[in-house]
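All chains are identified by letter, namely A, B, C and D, in their written order; residue positions are counted from 1 within each chain.
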Amino acid sequence: MERLVRFGVSLEEGLLRRFDGLLRRCGYGNRSKAIADLVRERLVEEEWRAEGEVVGIISMLYDHHQRELSNRLTHVQHDHYTSILSSQHIHLDRDMCLEVVVARGRPGEIRRIADLIRASRGVKHVRLSMSSTGKKL
Amino acid sequence: MERLVRFGVSLEEGLLRRFDGLLRRCGYGNRSKAIADLVRERLVEEEWRAEGEVVGIISMLYDHHQRELSNRLTHVQHDHYTSILSSQHIHLDRDMCLEVVVARGRPGEIRRIADLIRASRGVKHVRLSMSSTGKKL
Amino acid sequence: MERLVRFGVSLEEGLLRRFDGLLRRCGYGNRSKAIADLVRERLVEEEWRAEGEVVGIISMLYDHHQRELSNRLTHVQHDHYTSILSSQHIHLDRDMCLEVVVARGRPGEIRRIADLIRASRGVKHVRLSMSSTGKKL
Amino acid sequence: MERLVRFGVSLEEGLLRRFDGLLRRCGYGNRSKAIADLVRERLVEEEWRAEGEVVGIISMLYDHHQRELSNRLTHVQHDHYTSILSSQHIHLDRDMCLEVVVARGRPGEIRRIADLIRASRGVKHVRLSMSSTGKKL
């Protein structure tokens, strides 16, 4: 467990009141946690602008009846198997599947995997969500 | 398989050339797929502004040594079990876990689940990625 | 000038070090300012989900040779003149203009103005940037 | 006026119907314009990931009573005067000002200007909105 450092922050009274209101609505127990979260979100954005290792979550929505699609998705993931950590498959209804892939690597490479998946015939929607290895958070 | 409708589109020559270049770099085989993707992305954004059913992917990064955190995360997910479809757990290193939860419900409810998870002590980073049931895509 | 309230925050040592590094690179003089900024950004996002009054900046890029476009843009802005505070016009080159409109009103109305401008023939690119009246910041 | 190229696109029937509904609500007169807009938005995102020249709109919200702030903002803008094309100032109320600066240059430089402004004491909120010179749109 890392050492906590305590320091003072000065905020305008009204701003702090509004922030406290937001924290209550979101269920936060204390301000330090909420401020640390804002700080970390900002640092993760920075990680995705740099060249280090990040973690990305790629969600893809597709109709599994589409011929050759599973092959293609398997092929793309295989080509990048060193970056892909895990995959989760949800059957949304008789036709639609949601697959959620967790990838770890440089930002450019993870964006490339998402592009290749998006370009596959039968894939309806792809989102890349930016997360982190947590090493520097 | 739904019926395809074919229609004509007029784009300026230079714009089309640049778009074709982008499609090549992203690995698209044809323009119709790329245009359909842009259309669907826009429709998913609309779904998240309305009140219908959507699918969201919530990723959370946390240190599993944090006392009581697993209990808390289980508790939050249990309270919303009718909306949570599936969950995936990745051990990033000795300390850090990434958990990826797929939820289905109204946009406000899924945002609420993400807020509650974010507010939990020991959670380092939470992202909500907006997807769809695909019913209207 | 509003009264400042001082309170203590506890962050993990490594996180604080990384945050301090970011602040140096961005030219921040102290942490309180940086934390207040993160808090305000979050509150502005909340304002745009609610129904109160916000401020939005709509930028539009267009070719001024396009027939009838100035008429159309003037018409749209006139229909919403009570919400539009100000407008700025930049001649980017012989053909392209950038117009930046500042609007004040409810989020839905400002989004509507941006939609109408985007739909005008000859307009190449429209962005709506979310800001605030600052009353609650 | 650039030459228009016409080509055929195939979309699934239901998707096209939903897209047409969206276009009606947004006031679009025809599909080609709407599709061209989606294409251009995507290309502008690409421009901001590359190293070429872009246009950015920086909005800043501040209390003009803050001592030394105008000096500082003038100073920052002066240091980057070759990139700053124009500026617009709105008096939101007795205290709050909104200033909207249009800058042209490389993405990294425009982000740097926004960072410096954000770090200035008394500035409440800064947003950088990504636009384009329109040369390649």
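One rule holds for everything that comes next: a contact is a pair of C-beta atoms (placed from the backbone, for glycine too) under 8 Å apart; a residue touches a chain by one contact, two chains touch by 3 or more.
Small disclaimer: the values here were computed from a predicted structure and weren't measured.
Enquirer: Looking at the contacts, which chains touch subunit A and subunit B alike?
Expert: Touching subunit A and subunit B alike: no chains returned.
Enquirer: Per the centroid of Cα atoms for each chain, what is the distance between subunit B and subunit C, given in Å?
Expert: So the centre of subunit B lies 25 Å away from the centre of subunit C.
Enquirer: Would you mind listing the residues of subunit B that make contact with two or more other chains?
Expert: 40, 137
Enquirer: Using the contact definition from the top, classify how the chains connect: line, ring, star, complete or other.
Expert: Here the contact pattern is a ring, one closed loop where every chain has two partners.
Enquirer: Mind giving me all the chain pairs that touch?
Expert: Every pair of chains meeting the touch criterion: A-B, A-C, B-D, C-D.
Enquirer: For the complex, which residues does subunit D have touching subunit B?
Expert: For subunit D paired with subunit B, touching residues are 2-16, 18-19, 22, 31-32, 35-36, 38-40, 42-43, 46, 136-137.
Enquirer: Which stretch or stretches of subunit C touch subunit D in the complex?
Expert: 1, 23, 25-29, 33-34, 37, 40-41, 44, 55, 57, 59, 61, 63, 65, 85-86, 88, 90, 92-93, 95-96, 98, 100, 102, 104, 115-116, 118-119, 121, 123-127, 129-135, 137
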